[in-house]
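The letters A, B and C name the chains in turn, as written, and every chain counts its residues from 1.
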Amino acid sequence: EVPISTSRVPPYHEDDPIWREMRAECRSDSEQEPALASYLYSTILAHKTLERALSFHLGNKLASVTFLSTQLVTLINETIMEDEWIRHAIREDIMAVRKKDPACVSYSHCLLNFKGFLALQAHRVAHRLWSTGRESLALAIQSRVSEVFHVDIHPAARIGRGILFDHATGVVVGETAVIGNNVSVLHHVTLGGTGAVGGDRHPKIGDGVLIGAGATILGPIRVGEGAKIGAGSVVLNDVPPHTTAVGNPARLVGGKGKPAEMK
Amino acid sequence: EVPISTSRVPPYHEDDPIWREMRAECRSDSEQEPALASYLYSTILAHKTLERALSFHLGNKLASVTFLSTQLVTLINETIMEDEWIRHAIREDIMAVRKKDPACVSYSHCLLNFKGFLALQAHRVAHRLWSTGRESLALAIQSRVSEVFHVDIHPAARIGRGILFDHATGVVVGETAVIGNNVSVLHHVTLGGTGAVGGDRHPKIGDGVLIGAGATILGPIRVGEGAKIGAGSVVLNDVPPHTTAVGNPARLVGGKGKPAEMK
Amino acid sequence: EVPISTSRVPPYHEDDPIWREMRAECRSDSEQEPALASYLYSTILAHKTLERALSFHLGNKLASVTFLSTQLVTLINETIMEDEWIRHAIREDIMAVRKKDPACVSYSHCLLNFKGFLALQAHRVAHRLWSTGRESLALAIQSRVSEVFHVDIHPAARIGRGILFDHATGVVVGETAVIGNNVSVLHHVTLGGTGAVGGDRHPKIGDGVLIGAGATILGPIRVGEGAKIGAGSVVLNDVPPHTTAVGNPARLVGGKGKPAEMK
């Protein structure tokens, strides 16, 4: 019901303007800042595609003494290359970060430095692994993402495209949560459950929702399209579309659903 | 006063059903997912006991360029093996995670992937080091746990058994805090102090308490047995047993202590 | 306007009492705890100055597979040595942590183990790089600090001296934020913006302010000198000097500005 587009995306063209721009940024940065030249070469310029650069960077970050980077880089790249939807989502996420976050100065800045972006792409890989029956590997990736990027997204959670996880520290997204397209999620946000029972127990977030820092949204509730959740809010009930909810417990303060106090 | 059982525990038997089950899980996962086989072998299957597997995994995670993994693995294993109480607590914690967290699919998933579980076991080691006069080493471990697992527990804090730290990012537990048995603590929870003075300044949490995500409990107050603290609550006063406290500032909304608003 | 002292500081003398004391602490700790001796030697005792020890420790922590420690150690040390103000700030920060945090038992404990202190010093380096036109390098350091210490401070943010970041997990400080001198900031604190527009959009925090755990302060507002912000507060309006603000949304509960409810 939450409108995650599942229509087939057109094949990605050989001309990749974001990747072209990213490489130009890195060449310029390498000239201006020789201290970064070898780093930018190994992470971006040495690779033929955006997918390979992302896989290399992410695999190196998620690797550990017992979880080898070569293996992870290959796994991430193969998983991404099997799924055209993910390849589009990566680019829509980069564009969303660049457009919505005034602190994002370039495409390469997003790819290299934004742990929210990297955690999200790792989740996309883990979600595909989970969906194709490779649960134990998906859970191992979730765990490394939580350790390395401080973002804990269950691999079963469904997340749309054009997503901004800003700052991202402490984000938690539960197993049955769904996030639509073009959603912005600040740090310390929880999409959690309300008890120890299994089954559907996590929020469904509509398209275009903005969730402020530290907001806690609990239970299998629905946050409607275009809604805004204020920083620090605790939301335990549905939020109508295009409505703002603030406070602990959250009350509706604007939009169509304004009159009714939430309870 | 807070009822942490200090009665001597019976010697642990050679037959260790959790460890047996954990190894069976890993053998099955290795067959289904060859990409994890060498990882599961080195972290679980290569070891003779649960204690050795945990020490190896934890020591590798806490190691750094200047804090060698071999040294840490040995230190953790020796400390655990000296303290029968810890050896029981490890198993009660694993059982609590498995039982209370619907996202925990197996014992090995808990041991390998749950940073809250790993941070807690590292704390148990640090607490024993602290209690036996090895303060500087205990503080070094606390620091590495805070860096690697984002859980900052002072080594002097006393924590019971059967504990679930769910998601765990951002948990802070102060020096004079006490946590009873069978307590569940969500992420971003603070058991903190209210000022810069030393001495007893942190909360005492009774048995069976559930503390929701982002709750902040401050000062040398008492949260009674079986109480529930709502997500995002700020608690500055005692909470009676079997009572629910919610909001900022927290008020009592259920249970025996319901009538009185907290202030 | 926020009173960050920019007056030139006197040259730092060869006699460095904090560094002298720190080395004495480490020699004592090495004797009492041989397990730490080689760690304490390589991180503290092998170095000639506090600046070199800090640069070595920080560079090793921020290093990655693609961002070499040798390069980072040199960069950090050179940046610190070019800026006398930073060299004084390091010492005032250490003294503030030691004085204000009852859990800080020694100067070396602060340097070695406090991620809030280390993140702040890394920010001082990134801020100087940013201010001298080396933006891409500054942003790369910000990113590593966010990954390694879970503290996300934009390199353009201006921060005074004598600062305590206690526990520090999840702290976020935006691009146009300003923090005065002798400010204490607990974990999970956000100095954030209120929208996607650029320009001046983050809080200005006066001297001597105390910001409790989980407080979220949003927008280009002013928190006056000596104000206190309660744990979990959401602050969207100015807070007068020497006033306490608590709650979500925050209201004034003490000090000169007490009568007016914040809205």
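The rule is simple: a contact is a pair of C-beta atoms (placed from the backbone, for glycine too) under 8 Å apart; a residue touches a chain by one contact, two chains touch by 3 or more.
Worth saying up front: this structure is predicted, and the values here are computed from it rather than measured.
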item	value
Arrangement of touching chains [line / ring / star / complete / other]	complete
Copy pair chain B, chain C: interface residue numbering same or different (half cut)	different
Distance from the mean Cα position of chain C to that of chain B, given in whole angstrom	28
Residue numbers of chain C (touch at least two other chains)	150, 169-170, 188, 214, 232, 248
In the complex with chain C, residue positions of chain B that touch it	64-67, 71, 75, 134-137, 139-140, 142-143, 146-147, 150, 152, 154, 169-170, 172, 174-175, 188, 190, 192-193, 196-198, 201, 214, 216, 218, 232, 234, 248-249
Residue ranges of chain C touching chain B (in the complex, touch as defined)	29, 32-33, 35-36, 39, 42-43, 57, 60-61, 63, 69, 100-103, 105, 109, 112-115, 148-150, 167, 169-170, 186-188, 212-214, 230-233, 246-248
